[in-house]
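Some structures are shown below for you to check.
Each of the next two complexes has chain A plus one more chain, namely chain B in the first and chain C in the second.
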Partner chain A sequence: MKVLSLNFLQCAVKTCKTSSDSYPLHPKDAELVQDEIELNEDFLVNIMSRVDWTALCTTATELGFPALPSTPPTTETLRADGKTLKDLHSLLLETQMVEGKLVCGSCGHEYAVREGIANFLLPSHLV
Partner chain B sequence: MQYLIRFTQLHETFRLAEIQALATLANVELKVVFYDAESPICIVELPSDDAARAVVERSILAHGIYEHWATAETLDELHVVIKRDTAHLWPLYHEPSFKLSVDSFRGSRSQKQKIALINTFSYLPFKGPILLSSPDFEFTLFEEWALEPVPEKKTVPFKVHFGRLVGRSSRDLINTFDLKKRDYISTTSMDSELALVTANIALAGPNKLIFDPFVGTGSFPIACAQFGALVWGSDIDGRSMRGGGGKKSLRGNFQQYGLEKLLGGIFVSDLTNTPVRKARILDGILCDPPYGVREGLKVLGCRDPEKKSYTVEKGKEMYKDPAFIPPKKPYSFTAMLDDILNFATDMLVDDGRLSFWMPTANDEDQEIAVPTHPCLEIVVVCTQVFNKWSRRLITYRRLPDSAVDMDALAQRKERGDGAQGRSADELNPFRRHYFRGFKSEQDSSDTVGIAQPGT
Partner chain C sequence: MLPTPDTSHVAYERVYEPAEDSFLLLDTLSSPTETAFLHSRFFKTPPPPPPLVIEIGPGSGVVIAFMTAHAAALFGTQSILAGAVDMNEHACAATNKTVRKAVSENRATASTAFLGSVQGDLVAPLRDNSVDVLVFNPPYVPTAELPVQRAGDDEVRKTKDSFEEDSYLLALSYAGGKDGMETTDRLLDSLPRVLSDRGCAYVLLCAQNKPEEVKERVRGLGGGPWKAETVGSSGKKAGWERLQIVRIWRGLTYALAVPRLT
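For the complex of A and B:
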C-alpha cells in the first residue's frame, strides 16, 4: 500500500481512538518498494489539505526518509518549488509498504502487512 | 442549443442520472427538454458542441450526442421541418466530406431501404465527398418504431429525428472491462456496465480519492481508476482480495488494465471496527454491501460470548499468531446500512458522494426503505429490476455542515442502533424472503386456525 495510506489509518480498537497515540501507526520491519509514477501537480496540491502533516513527518522519519519541514508547504510554495513536489510525490505515491507491521503507540497491537495488504481484523475480546 | 442524445434502451432509470452526473462533472448546465422512459431518444439543451461532447464522452448508457436538426411524425414532415429550420446551417457542409446513416429502433431496414431513405435527403446541398469511414461530418436519421407483437403490422415508424453527430460515448468500455475477460472474478463481482455507471454517478474523476469498504474483487475501484481517481478498498474477507496471488488477485486485475498506479492500497477490515481515521478526506464512497443472503452478513465478534467463552479465551491467547482467524457474528443488514451512512458522513468532503447498491423485494409489504441521514441528501435512486426482486443504486451528497438540520441529527444520535434478532435469518428480512422464493408470510405459514366452540 502507498505511504499515503498510512496517513489515513489508525488503530482499529475502539478504546484506542480516544488516545492520540493511536495515530499514526508506526511501521516496524517495513519492506518498501519504489514505483515510477508520473507526477501530477494538481493532485498533490489538492491532497495537501487532507493530509495530517504532523503524522506525515513522523511516518517519513520512521521509514528512513529525509525529515520533512515542520510546517506544511503552502500551495504557492508547492507550485513554485519543484523539489518539494517531487519529494512528496516520491514519498506519498511512489513508495509502497509491502511487508512488515503497523504498531499502535497506545495499546501496542501489531497489524501485519503481507504482500502489500494490511490485516486489521481483531479478536473478539478487542471489539 | 438543442442536442439529441441516443441512449441504449437498457437500465432506463439510470440514464438521466448518469448524464446529469456527467454534466455536473463537466461543470456544464444541462436542461432536459424531452425524455421518455420508453424511448432511446432524449432532447436536451446545452451551451455548445464542446459542452455536449464533454457530457457524453464518459457516458456508458448513451451511444452518442447529436446536434438536433428536426423531429416529426413522418419522414415527409421531417423534411419540411429541416428545410424550414436548418437551411442557415447548410453552407457549413457544402465542401467537407460527410455521410448519412439510418438508426432504426425496434424496426429494421434492408440496405436497399436505407439507401432509399438516405436519398430522400438529396435536397441537402452537400457537395463534398461521401466517406463511409471517418468523414468530417456524420448525419443520422433516427426512426422509432412501435413495440408490436406482430412485426408484419408495422409499416412505418411513429417518429423520426435528424441530427448531426457531435460526440460519441464510452460505451465500448463495457467490452474492455467485461467480467468474462477479467483475470480474477468471483460470484459477487459487479458487471462492468453497472460498475462504470456507478462510478460516473458517484462523480469519480482525476485527483479524487475514492474508497470501497466491501471491495471483494475490485469492480468498483477498477471503474473509478479508469476515470482517473486514486482508489482504496477493504473487505472483511482477505481471501477475496488476495485470490490465488499474481494475476488472480485484486491487484492482478489492476495490472491487467494498466491501472495499478492508481491503486492506493487494500486492507482487510470490518467496517464496524474500521482502522480508517475519522476525517473529511474522501471524495467518494462506492460499494455493494453484502445483502445477507449467501454469506449471511457478518462482522467481527463472538455471537454468544457467554456460551462460547472458550472461543473468546482462545482468541486472547492466539490472536498474535499470523494464522489466527478472528471469529465473526451475524449482523443486521439495516444496521449495516446505518453504519455506512454514518461512515460516509464522517469521511466525505462537502459535496462528496456515497453510492451503494441495496435490494428491495418486489412485494410491497416487504420493501426495505431507502435509509436516510440528516447530513446526506439523496441525489438519485435508480432501480434495476430482475424477475422476482430488484435492487437500487442510491446516491447521496454530503451536505456542508451549515446546511444540516441539527435537530434531526441530535434525534438520530439519541435513537442509537436498534438491531434486533440473533440469527442471520432474523437479522436480514431480505434473506428470509429470498430463500422462501418471495412468497408472502401467509403463503408459507403452516398453522391452521381451529375455531373454538363457544361455551
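For the complex of A and C:
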C-alpha cells in the first residue's frame, strides 16, 4: 500500500467515528519497499491539492523518513526544485508499506498489513 | 474500444470471475454519456484536485484496473488517485496484480497512483467525504440469508478447510440476502458520509433488486438532495440477469474549480 493511502484511511471501529485521533493511523513495525514509478511533474503538482500535509508529516516521521517541512512546498518550488519534486514523488508514490501494523490513536486497535494489504475486518463486537 | 484488463492470473475458485455484470460496468463507465459526465467534473482548466476513485468489492480487479489504466480516456486526465476495498484477501491480491498489469500495458493513459487494495467491509476504513467516484458491483442475487461474516481473526480462519473457505468467499460475491439488497442497502446508507461534495457513485442492480424503489430511496438519503438515474443497462433478459447501472450524485450546483492565484 502506498504511503499516500494513509491520507485516506481511518479506524473502522464504530465508536472511533467521532474521534479525531482515529486518523491518521500510525504505522508500527513497518517494512517498506520502493517501487520504480515514472515521475510526472504535472501530476505531482496537481496531487498536492489532495494531500493532507499535516497527516503526511506525521506518517513520514513515523516511518523513519527525515522530517518534512511544516508547510507544503508551493507549485513554484516543485517546478523549480528537482530534488524536492523527486523526494515527494518517492515518498507519496514509490514507497510501499508491505508488512507491519496500522494503529488507531484513539482506541489502540491494530490493523495488520501483510504482503501490502491492510486488514480492516473487525470482530463483530467492534463493528 | 478500450482493452479489458487481463485477469488470467486470478484464482476463480475463490475470487469472482469477470462476467456480464463486470462488462456492463466497463461499457457504462466508458460510454459517451458517462465520459461527458466524468470529464465535466474532473477535467477542467485549471485542473481541480485529482479525484479519488474507489471500487468496493473489486474481485478480480477488472473494473478498477480498467479505470486506472484508461484514466486519461475516462476522466480526461491521468491525474487520478485510485484504490479498492474487498472483504476477500485473495481479491485484494488479485486486484493489485490486475491493476499493475493493466497500468504497465497502458502507460500513456494510466494513472501511476493506484494506492492499493485494503481488506475491509464496504467503506468502513475510508475517511469522511473522501471519495469522488465510488464503483460497486454488489452481491445482488436474492438469497435466503447472507454469508456469515467471520471475525478478522487468523485463528478462526486456520480451522476452516479450504473448500468451505472458498465457498464462503464466492458466496460473498453474489449472495445479497432479502431482495438481493442487504449489502447494497448498507453501502447506499454510507454514501452521504463517504462521498465528497463533487462525489458520485456507480452501483449495479438487477431487476429483482427493484431498481425504481432503490432510486427513490437514494433520492431521499440524508445530506442531499441526491440524484439517481439509470445510465446503463444490459437489455431484456430474465430475472437477475436484467442488469442496470445507477449513477448517484449530489444535486448541488457546486462551484467550478476556483482559478488558482499564482
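As a working rule, the second predicted complex is superposed on the first by the 127 of 127 C-alpha atoms of A that agree within 3 Å, B and C clash if a C-alpha of one lies under 4 Å from a C-alpha of the other, contacts with A are read in each partner's own complex, and residues count from 1 in each chain.
Rule of thumb we're sticking to: a contact is a pair of C-beta atoms (placed from the backbone, for glycine too) under 8 Å apart; a residue touches a chain by one contact, two chains touch by 3 or more.
Note that the coordinates shown come from a computational prediction; the quantities given were computed from them, not determined experimentally.
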Partner chain(s) touched by A:E110 [first = chain B, second = chain C, both, neither]: first
First, second, both or neither for A:I37, with chain B first and chain C second: both
Which superposed partner A:T75 touches (first chain B, second chain C, both, neither): second
Which superposed partner A:L121 touches (first chain B, second chain C, both, neither): both
Chain B versus chain C as contact partner of A:T15, first or second or both or neither: neither
Interface residues of chain A shared between complexes with chain B and chain C: 1-2, 4-5, 8-10, 12, 23, 37-38, 40, 42-43, 46-47, 50, 115-124, 127
Chain A to chain C touching residues, read off their complex: 1-2, 4-5, 8-10, 12, 23, 37-38, 40, 42-43, 46-47, 49-50, 75-76, 92-93, 96, 115-124, 127
Interface residues, chain A side, partner chain B - complex: 1-2, 4-5, 8-14, 17, 23, 25, 35, 37-38, 40, 42-43, 46-47, 50, 52, 110-112, 114-127
Sites on chain B touched by chain A in the complex: 206-207, 209, 230, 232, 234, 236, 238, 241-242, 245, 251, 261, 264-270, 272-281, 300-302, 305, 311-312, 315-316, 318-320, 322, 324, 326-327, 349
Chain C residues touching chain A - in the complex, by the definition given at the top: 47-50, 52, 78-79, 81, 83, 85, 87, 89, 92-93, 96, 107, 112-121, 124-128, 130, 149-153, 260, 262
